[in-house]
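Consider the two complexes below, in which chain A is the common component and chain B and chain C are the respective partners.
Let's turn to the complex of A and B:
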């Protein structure tokens, strides 16, 4: 009887683990499936002309260079505003802010900022940057809008990585006659940098793939030339994908999937870079 | 000669833990003064008053004075960064900064603005020798300090403090995590160091207290019970509670 029970326990365990493995595999399926599907459908569209040429024949032929360049500009623009601001805010919150009402208010604001639907950011950007500050529909306005959207991600990951640096480093550094700011600059930031970078890349990656925030603030349906100032509007890959998928009749399906593939590769590459930075730092870390 | 004069020092932490009650004592220059007693007696608190490290902790209330060379260092207007360069501290657990051995030793000096490579190199050699670790690390100064053994790390931490040429060195159970051989090396270094520094040590055992003390102060739950020359206190204590503790009847 006991023997039977024991065997039964093992069977139950094996069944449980099999089930868990299955569930894990199921969660991986969508991403693998998407990549394979897009690769299969759009792979043949990726030609040198597609990557370096302008759209022709009402975007039904030619390439998507202006959209690629535009997304690059927007990502860089977003980084210029959101990275210094986000890291500075994180340093304040992790190292200087005491637990008072103001700090709590800032935290609540950041959490809520992260929860706002992206189309609302778009409308806000339209109101503030495009109309009120008269930046027009431009790379500048779109980058600023994307920055606001990216800030909470950068702030919270950066704060988290600053906090994870052991308190004893701070105590020791201070006891050796370093000022608080020296301690942050020489020890804390250096140790937290990989984590901060990971957050920055993940935030920018999200910004690069967004359509709604740039819809009213900077994205153009079609432009015959590349933008040459931050006050120009620009094409962008996600918006271009939206346009050719819904707004252009008789669009060759191959080009749609090709565009999706480019966007996917762009975003996944950033993801891989973030992962590499993180795992390298983890291997090198001394605490 | 007295280096430090503690006058009616009281301190209470916000969370109600370890505190000091009306402690007064003078601390001699060029001697090892030992603060001993059971955990929670106020030894660490007192040490952390002397370099104002308590500033980093939530303190509910404090009163009294601590004079170093006649100047009150608890003065809120005091330049604490300058104070901490004069009063160095070694902690119970060696915490090498995530830097090379060399950079650990020069850290304090560089933060103080010293850029001269020659002076920094001199300081590295001098302080590592003083801390009795030079021979063990001289060929690998650019290795990360964390790669050393615990005993070596602690001596590098001591060297790091010595590099600043402080006047006073505070040691908070500096050998608690070390093997007997490393402990012996640290204790021997202290005997050498007291010729030029004022040393205040919270030992991790009563035996270490007896071995190292020129002067010894017995702390119990925030009160200074007895303070005398080490020889006297460990052979013929005046207070019953001191005697009970030394004899191992409690704590």
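Let's turn to the complex of A and C:
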């Protein structure tokens, strides 16, 4: 009897493990499938003209250069605001803040920033940057909106990475006469850099792929020239993909796949860089 | 020299401190500007017509109930898909998968989290919705269910990573204890590891659902955008429209300061409050669990 039960338990286990393996495969297969499918379908659309030309014939021909440049501008703009602020906030939380009510409030605020729907960020950007501060629908307003959205990702990964630097590093540096800021700048930040960089890239990756926050803050349907200043609106790859796949009738499918591919490659590259930095730093770490 | 050094240190410390506080400032600013632009709604539309069944802004019908139910039914569908898949994958990664498998699976799930929602929407239009139309014999493939399927994909990475962290944090001694008592690996997972990680798993589910409610572009592209009241499961297979999609689709066309404009901000503040509640509950579950763990350890 006991023997039978034991065998039963192991049958259950084998069935259960098989089921969970299947679940994992079902979860992952569509991801791999999606990427391969778009690479395969979009590949033939990628020509030098597609990457460096302007859209023609109501966007049904030509290239997507203004969208690519626009996404680069928006990503750089987002980095300018969110990277210094995010890292400074992480330093505060990891190195300065004591565990009191205010700090807990900051943490709750960060968690909430991370959870606010992207379209609500768009509304906020419209209300504050576009209308109240009168930046207009512009690269500046869109970048600022995206930066606030990106902040929680940068803060939480940077903080985690700062915290993983052993306490002894700080003790030694301070005992050698360095001030707190010198310790942070020359020792802690240097050790935590790969982790911080990973977080920054993952945050910017999200910003680069977002559409909803820039819909009413800086995205343009179609522009015949490149933006000249931060106060101009701009085309962007994600918004362009949305426009040509839903708003333009008789859009050649090739251009749609090509645009999706460009966006995917942009995001994938950032993702791979972040993953590589992280795993190399882990392998090199001696403490 | 000494003096200027300590002065610089003082300034930098203050700057860092201010950056730390900025998160609170931003949440407050977001709330303030949503409130500022949405408050006039209450003067322009009375509450009974706001919480009504008809959304037809051109003729001044601003009933947000169809949008609310649209969001809810899609999110419910997404949760039904994402929770089993996400938890299953998290358990597989954390408890069962060999090391090399874990190294492949984790970046892939992370990659799914990084896929732009427009790309998912694009694939939804081109692949998922035609497939569903033919396979389920529907008049259109742009339905709530299509949205749920894709939103499930968006919620999965959040659920997997948070749940996996929680499972990972369960001390190894718990598992070893169970094995020593003769439990199989499988029994240990269900009777020991999962219950021990319960609060983290709940957080994972809440955060996943939070992501699904707030998702905009994907649902706007694949759910057909018909503002009908969705009260039964049958609505899962017809077009619906969510709160997020309504804001995204209509904000571009309204005049600043019009009633329609204020109502869209009102929907925005409803979304903001939903995400606030979801996240506060999710994070307080974590805090409580931490406190309990500290009690046990001390």
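Assume the second predicted complex is superposed on the first by the 262 of 287 C-alpha atoms of A that agree within 3 Å, B and C clash if a C-alpha of one lies under 4 Å from a C-alpha of the other, contacts with A are read in each partner's own complex, and residues count from 1 in each chain.
Everything that follows uses one rule, which is that contacts are C-beta pairs under 8 Å (C-beta built on N, C-alpha and C of every residue); 3 or more make two chains touch, one makes a residue touch a chain.
Remember, it's a predicted structure, so these values are computed and weren't measured experimentally.
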Partner chain in contact with A:133 - chain B first, chain C second, else both or neither: neither
Which of chain B and chain C A:276 touches, first, second, both or neither: neither
Contacts of A:113 with chain B and chain C, given as first, second, both or neither: second
Touching partner for A:12 - first (chain B), second (chain C), both, neither: second
More chain A residues in contact - chain B or chain C: C
Partner chain(s) touched by A:175 [first = chain B, second = chain C, both, neither]: first
Contacts of A:187 with chain B and chain C, given as first, second, both or neither: first
Intersection of chain A interface sets (partners chain B, chain C): 179
Residues of chain B defined as touching chain A within the complex: 51, 53, 56, 81-82, 84-85, 88-89, 91, 93, 95, 97-98, 107-108, 111-112, 144, 146, 157, 160-161, 164
Chain A - residues contacting chain B, complex: 166, 168-179, 182, 186-187, 190-191, 286-287
Interface residues, chain A side, partner chain C - complex: 9-10, 12-13, 16-17, 19-21, 23-24, 26-28, 30-32, 34-35, 37-38, 85, 88-89, 91-93, 96-97, 102, 105-124, 126-128, 131-132, 148, 151-152, 155, 179-181, 202, 205-206, 208-212, 215-216, 238-239, 241-242, 245-246, 253, 256, 260, 263-264, 267-268, 270-271, 275
Chain A-facing residues of chain C, complex: 5-6, 8-9, 12-13, 15-17, 19-24, 26-27, 29-30, 33-34, 36-37, 84-86, 88-89, 91-93, 96-97, 105, 107-112, 114-123, 125-127, 153, 156, 160, 184-187, 207, 210-211, 213-217, 221, 244, 247-248, 251-252, 256, 264-265, 268, 271-272, 275-276, 278-280, 282-283
